[in-house]
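As written, the chains take the letters A, B, C and D, and residue 1 is the first residue of each chain.
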Amino acid sequence: MSSEFRYQRRVQFAETDLAGIVHFSEMFRYMEEAEHAMWREAGLTIAERGSDLGWPRLNAALEFRNPLRFEEEFEVWVRIAELKTRTIEYEFTLVRGQTVIAVGTMTAVCVRKLPDGTMRAAEIPASIRHALEAL
Amino acid sequence: MSSEFRYQRRVQFAETDLAGIVHFSEMFRYMEEAEHAMWREAGLTIAERGSDLGWPRLNAALEFRNPLRFEEEFEVWVRIAELKTRTIEYEFTLVRGQTVIAVGTMTAVCVRKLPDGTMRAAEIPASIRHALEAL
Amino acid sequence: MSSEFRYQRRVQFAETDLAGIVHFSEMFRYMEEAEHAMWREAGLTIAERGSDLGWPRLNAALEFRNPLRFEEEFEVWVRIAELKTRTIEYEFTLVRGQTVIAVGTMTAVCVRKLPDGTMRAAEIPASIRHALEAL
Amino acid sequence: MSSEFRYQRRVQFAETDLAGIVHFSEMFRYMEEAEHAMWREAGLTIAERGSDLGWPRLNAALEFRNPLRFEEEFEVWVRIAELKTRTIEYEFTLVRGQTVIAVGTMTAVCVRKLPDGTMRAAEIPASIRHALEAL
């Protein structure tokens, strides 16, 4: 559960803004891309077709240390800090070479979607828990 | 059916890119925002909750004449060029004051979503047709 | 400096994801849109053309309380919590009617862009400070 | 000049919309990502730091044949259909396995950015022309 997964990425043009650097909101997308790649590494998908499970975010936070620019290659290091009954707490570090771009956290909660479209927090299924713990 | 709907908008920071102007892909989002605002003007919504109807795009095209920049106010003029049995053909003009920013077209097709997640083209319901024709 | 600015917005289609709700990264864009609207209210712009000033983000965080859905209207309430020598700390609340969607914070730092493309933290100019304090 | 470049990609969560498929505006981003990857393959970058050259789009069009869904892997095939004095006309095909997702075109124009922030069409530099022709 404490092992780290590393996701590689390159900055795309549309992710930059008029300041010439990656827009900060894109960094949150990078976080999530790394999370989902980690799930694939565990043999899982965060959005299984036909499933009533969902994983909305309870919170997300980033500290920005250095800018990222067009075409730069970087990595997102993601680690599960805590796997609770219903929530997963992730820790992230974005790095370009030896330079830390950003550090942050995100918490996802396991929910079941009800027929009326609302969501109710639910226990993380054992199969998912075990696959994530085995990373 | 030939009346024009005008949608007002301001350029947001995250919509610009390192060239200092709005990224061209955002112009396609502006087109769609105007389409949906026109539907609301007709008392409709393009995504009715619980409905099995959907309106995927068959094609979209824009010619870019002039750049748009951060915080500029502009309008999207949208017109239904043709309302066929199963498709709607839209024409768009993006303007900032007297300056044409872009002109383009988009075609949406009415579909019904099947239980297996696929979609099948369907006739546009009469109530929607009449509401759009009454614009 | 403690007065609150309220920014109105409607959810657009492209801001939703396959879970049927607004993607969490879009909420950070909403925060920033409200910040920039507050600057305009103060007679300012966060990106003055030809200026060497910039306002990169040092951190951004949101707690998500309730989902937002397509076409829903909501408000972003933004307040300057602290206006320091070089940084501005904002507090945000996203609300739809009586329902709190999200609460969060963001810190922007004043920088001057150097000829080599790098940025250096700088004192917030008095004119900007006074305009923000007068809100 | 007629050789084809193939760019590989996976659909990310934030690129989907409430219809459960990739939002059509994201397909235009995929086109551009493939273009830029082709430039890198030619030893070029479309946004050289410190250069006064830019490559705004004159037009972009896509026909959508089949939907793309979360986590699907696909390719963008890009080909330079015509390399003129000042413009580059690209052709694109998005494919997932044997399924065509979309086909389209895009034209970019070479410009020089003037000190006042405006842009003027310019001849494509010989070094760039030769590198693209050598693909």
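We adopt the following convention: a contact is a pair of C-beta atoms (placed from the backbone, for glycine too) under 8 Å apart; a residue touches a chain by one contact, two chains touch by 3 or more.
Everything numeric here is computed off the predicted structure, so don't read it as measured data.
Judged by contacting C-beta pairs, the busier of the interfaces A-C and B-C is A-C.
When chain centres are set by their Cα atoms, the one at the greatest distance from chain B is A. Averaged Cα coordinates give chain A a centre that lies 32 Å from the centre of chain B.
With centres set at the average Cα position, the gap from chain A to chain C is 23 Å.
Remark: chain B and chain C have CA centroids separated by 27 Å (rounded to whole angstrom). Chain A has residues 13-14, 18, 20-21, 25, 29, 32, 47, 49, 69-70, 117 in contact with two or more other chains. Listing the residues of chain C that touch chain D in their complex gives 13-14, 16-18, 20-21, 23, 25, 49-50, 69-70, 117. Across the interface of their complex, chain A is touched by residues 12-14, 29, 32-33, 36, 40, 45-47, 49, 69-71 of chain D. Every residue of chain D that touches chain B in the complex is listed here, in rising order: 18-21, 24-26, 28-29, 32, 47, 54, 56-64, 67, 117, 119.
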